Amino acid sequence: MYVEKLNPKDYEKLYYYLYLTRYADELICKNYKQGMLQESHHSCQGEEAIAVGSGILLGKDDYVCPSLRARGYFYLKGATLKEMMAGMYGKVTGPSRGKNTSHHMGDMDRGIVCGSGIIGGALPVAVGVGLGIKKRGSKGVVLVSFGDGSTSRGDFHEAMNLAAVWKLPVLFVCENNRMAMGNTIEGEMAIDRVAIRADAYGMPGVTANGNDVLAVYEATAAAIERARKGGGPTLLEFTTHRWTGHGVKDADAYRDRAVVESYKQDCPLDNFRKVLLAKGILKKRDLDRIEKAAMKEVDDAVEYAVQSDHPPVDIVATNVYV
Amino acid sequence: MYVEKLNPKDYEKLYYYLYLTRYADELICKNYKQGMLQESHHSCQGEEAIAVGSGILLGKDDYVCPSLRARGYFYLKGATLKEMMAGMYGKVTGPSRGKNTSHHMGDMDRGIVCGSGIIGGALPVAVGVGLGIKKRGSKGVVLVSFGDGSTSRGDFHEAMNLAAVWKLPVLFVCENNRMAMGNTIEGEMAIDRVAIRADAYGMPGVTANGNDVLAVYEATAAAIERARKGGGPTLLEFTTHRWTGHGVKDADAYRDRAVVESYKQDCPLDNFRKVLLAKGILKKRDLDRIEKAAMKEVDDAVEYAVQSDHPPVDIVATNVYV
Amino acid sequence: MTILSVRQAIREAMREELLRDDKVFLIGESLGPYGGSFKLTEGLLAEFGPEKIMDTPLSESAIVGCSVGAAMMGFRPIAELMFADFVTIGMDQLVNNAAKMIYLHDGALPLPLVLRMPEGGGATMGPHHSQCVESWILNIPGLKIVLPSNAHDAKGLLKSAVRDDNPVVFIEHKLLYNEKGEVPEGEYTVPIGKAKVVREGKDISIISYSYMVKKSLEAADILAKEGIDAEVVDVRTLRPLDVETLAESVRKTEKAVIVHEAPVTGGAGGEIAAVLQEAAFDYLDAPIGRVGALETPVPYSYTLEQAYLPNTQKIVDKVKQLVTR
Amino acid sequence: MTILSVRQAIREAMREELLRDDKVFLIGESLGPYGGSFKLTEGLLAEFGPEKIMDTPLSESAIVGCSVGAAMMGFRPIAELMFADFVTIGMDQLVNNAAKMIYLHDGALPLPLVLRMPEGGGATMGPHHSQCVESWILNIPGLKIVLPSNAHDAKGLLKSAVRDDNPVVFIEHKLLYNEKGEVPEGEYTVPIGKAKVVREGKDISIISYSYMVKKSLEAADILAKEGIDAEVVDVRTLRPLDVETLAESVRKTEKAVIVHEAPVTGGAGGEIAAVLQEAAFDYLDAPIGRVGALETPVPYSYTLEQAYLPNTQKIVDKVKQLVTR
């Protein structure tokens, strides 16, 4: 059991980032509705445990390429909430001074791989990063995350296959919320578990509860160890739910409200809180303290974003080439 | 056992087309080396049983989209050897008067779906044909064939998945000769059987001996019955060997000659002949008669192709649009 | 006449064609319960059911390829890509299958396929959801490429596209969806391959298409106040290009500027300029100018994106530069 | 000087760059034991081993995408597509990842990637193995596009491409592989972005690139016998385009014809014509002409393909038409 190695500081960190992700997301959705944000936002409420529970395992030599709903990875790999938030507001203090969005930001120095707005398009790139890791002789891994719907794309297939043939240190992390925009999983695939797809490539496929941050941690830790030892890629499927519409503008009118509400009974934060309190790892007042700190970081970041300038127009045509 | 339904005429037909395919291929290779042919040819020697054993099952309402190594389907779906051969010679009597090659020829009236030189590119089209069959309410099926290497393409994945989700009457037939040009199957995929890939889509996957025409027949018949009953697609994997270089121009210098020679011990024609003679289904003199007839058809076709005219240049810019 | 938004006009065209011809169906992602990413298909599932409004998995290559196959079977698919940028992943099916199928059958097989897709920037949707793609497929014989600029044309051209037996790429601009315009009550079509003079003038021809027609008309209004009488021509169809209507305008005004949203270099404006300098060489009084976006990917932030995009002022400036040359 | 075929020149360039820089590696299909579909990489596996000469599964999107990722990690992949037609399936990775990566990092990340691919017809390889693709990606800021016409340039340009920190699409013409030419013995490079006057003349500028430079030179020889002194300019790089060298030639000859193998409509010739009519407007004595293939898919049979392709005679005819205008 890898989770046994977690110490109280780790638990604090997990809870901190779970809470921060949730609180930031709620604020973003609220501010978006007030017309203050530029970036098209895809809420990760209810899905926070996946990025947080796996992202916390990534070290300095590791890379991550987050999906559009996987904000946690950014924070855990050192992107500041300030720059992320500035990105959402389209400010010059955001990623690449406003040229890229925050949810696809790339920063190789911090191990963050630029995503693609073309669903699935980042997977072959992540495999290339994995190839680079191997060529360097490093013990690093690259984690690329994506949704269940993304697994229908040809690029998913080509990337999975190539990573498996070359035994590259790539973790394919699927956030299975059983929805792709307005399509349900039955309209996406004729199988019930995405992890089955791993067999087609001769790589291990694991399904775990994506709303249990410790289950995410456990499954990811095993896959990382395997990859570091040269065992090659793993497909990790984390089951979860989408609480909101697809994007901030989506009224989600095509889903049964009662069903969506029921998802909220399986809240990754609540789930974790219960474990922390029951096992006495953290006390209620610890949680309060952590929450307050996280809220402050978020509020500061929003303030920073609001105060920041818009990009100066004279940078628009710079740095197309190096 | 579907093979039990075969009558002597069927056996004759199977043997006729096996022999015709082999003899035609040998002649094409010979003539190519003499510089008489225009079309880049990919020999199907040693792999004839797949197209013949499955193609014989296709009826009037069925469609086929052959791979570059699956000549048998054309003959069995009514394309004449004359036009195919004329195509190889680049003559006006070839498919679409020389605009298309013979190995990708399309003729929807005869149930032949135009292939693509982009490996894998025909699969989504075949799925669309399957959709059309379903929309028509017909009992037909569409069979699309491709090699093991082709299964690495994104289009394979997208096509398989869509056919499975929509339960379309599509037979995906993989000719697994364990080679893709100069790449061996170990360099293509980290699994040993292509049929495993079917599980990723929730469709049945079957592996059978592609050098045993009756095994091919049996597996295909079951999949067709399933599809006609609305059971959806099947992935059929037929194992075989590539006897020659990838294309006529390939000297095949990268393979161990002894190994390639050993493949010839597993000849689909010999294998079938043995069964026919052992079971007394056909006699040696029947085989001789059939062979002679097939040779005559091939020789006549070559003669026809040689005698045919080159296309008149004034047709070049016609029929780009209807 | 009724007033419809481009969104409504396109939806009406699809609806009427679905009603008219049983072979027509819609195929794409989240068209049904979701109603399409830009709500173009809202309400159609309820009216026509899932066999006509077909939601696919997230597989653009399969969407296009499957549409090709269905068209070969005699159906008339209207396929949607959520964003034109995704044509990159349907490119092979479009270029190597759809565009060539008729020729490869020597005309014996029609290929009635419409591929709809919204393009363009101005909505801070970032570099992968804002591009203009028409020039990427302009060098592909076998395709028709249509880009409406208003509700009337959108409806009439889409109906023509659906009835066309050739593959038609129908490129919509996302900023047009809410633009309203007059549309005739009854049945009508707009022919593919005909450009239209949308504002007469004598001093210069502003040749444009899609969303930039609006900007060109705005520019013409500003220019009029400064005594410059600009003609505005809406290209409407890039392939086949209506060279005669364009050339006639330029022969009259003796000056021309081509305006599109894509970056200038390698954009469709090059083709139009090349054709026009040939067709109107002896009339031209100044080089043909081009206005387009900057030579960069589409930046995400509003400020940068606005600086990147062509706009009314840039058109005005270019026209003045040519007129006072 | 040694005499090398374009094939040998390209192979030498790759070999020398592999030796020079440990970050360089090759990635593509059947490059190793097979030696590449056109034998460009023959012998390299034996010399450099499978970690430098990497055979991939049949996955063009993964080839390009994986190369992008490796380049982001500081490596310098030279990726090969067996045929340029397959760029349609690597298109998304090329257009939406490779071309934009530097801009999306605001210049903080180099992307040293070369994507090699053979294009063109004349070998009866049919509609899916014969196309010219450069205009399909010409409207993509962030890419460089290079098309050598001879062994000297092929080697020198490829070496420049490998050392370039930007993504370079390196388009070879398959009919050039056996064409021989003089190549310097030692180390040299040819800069990306410089066109070259390959034959001086005063009556007209024939502007061309890739295999059509050969045909243009043949045409110039024929024209010379008829008293027409044509200048031939090899564009060499389409993006960035060396407008100055081209314009200077046209300002001198006052006439121009652009020759490429792709069909005329939507081809790169449109961009070149548009730029030149602007840069040399007051000098032009005739409209800029364009010669290219017919507006059809590439037909397979030899007779039809030859009728489809531009050739020496078609260039001669067009030049005469312009000169005697």
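Residue numbering begins at 1 within each chain, and the chains themselves are lettered A, B, C and D in the order written.
Quick note on the criterion: a residue touches a chain if its C-beta (ideal position, glycine included) is under 8 Å from a C-beta of that chain, and two chains touch if they have at least 3 such contacts.
Worth saying up front: this structure is predicted, and the values here are computed from it rather than measured.
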Inset, instruction - Please identify which chain has its centre, taken as the mean of its CA atoms, farthest from the centre of chain D. - result: A
Inset, instruction - State, to the nearest whole Å, the distance from the C-alpha centre of chain A to the C-alpha centre of chain B. - result: 45
Inset, instruction - Calculate how many whole Å lie between the centre of chain C and the centre of chain D, each centre taken as the average of the chain's C-alpha atoms. - result: 30
Inset, instruction - Starting from the mean Cα coordinates of chain B and chain C, work out the distance between those two points in Å. - result: 41
Legend entry - Euclidean distance of C-alpha centroids - chain B vs chain D, Å: 36
Legend entry - Set of chain C residues in contact with two or more other chains: 56-57, 59, 61, 85-86, 88-89, 92, 96, 103-104, 127-128, 141-142, 294-297, 299
Inset, instruction - Name the residues of chain B that each touch 2 or more other chains. - result: 99-100, 104, 116-118, 121, 152-155, 158, 161, 165, 187-189, 315, 320
Legend entry - Chain contact topology (line, ring, star, complete or other): complete
Legend entry - Residue ranges of chain D in contact with chain B within the complex: 29-30, 32-35, 37, 55-61, 85-86, 88-89, 124-129, 294-297, 299-304, 306-308
Inset, instruction - Name, in rising order, each residue of chain D that touches chain A in their complex. - result: 25, 51, 56-57, 59, 61-62, 64-75, 92-93, 96-97, 101-111, 141-142, 144, 165-166
Legend entry - In the complex, chain B residues that touch chain C: 96-97, 99-100, 104, 106-108, 113-114, 116-118, 121-133, 135-136, 154-155, 158-159, 161-162, 165, 315, 318-322
Inset, instruction - Quick one: which bits of chain C touch chain D in the complex? Just the residue numbers, please. - result: 85-86, 88-89, 91-92, 95-96, 99-100, 103-104, 127-128, 135-142, 239, 241, 262-263, 265-275, 277-278, 281, 284, 286-290, 294-297, 299
Legend entry - Touching residues (chain side chain B, partner chain A) in the complex: 152-158, 161, 164-165, 167, 186-191, 196-197, 199-203, 232
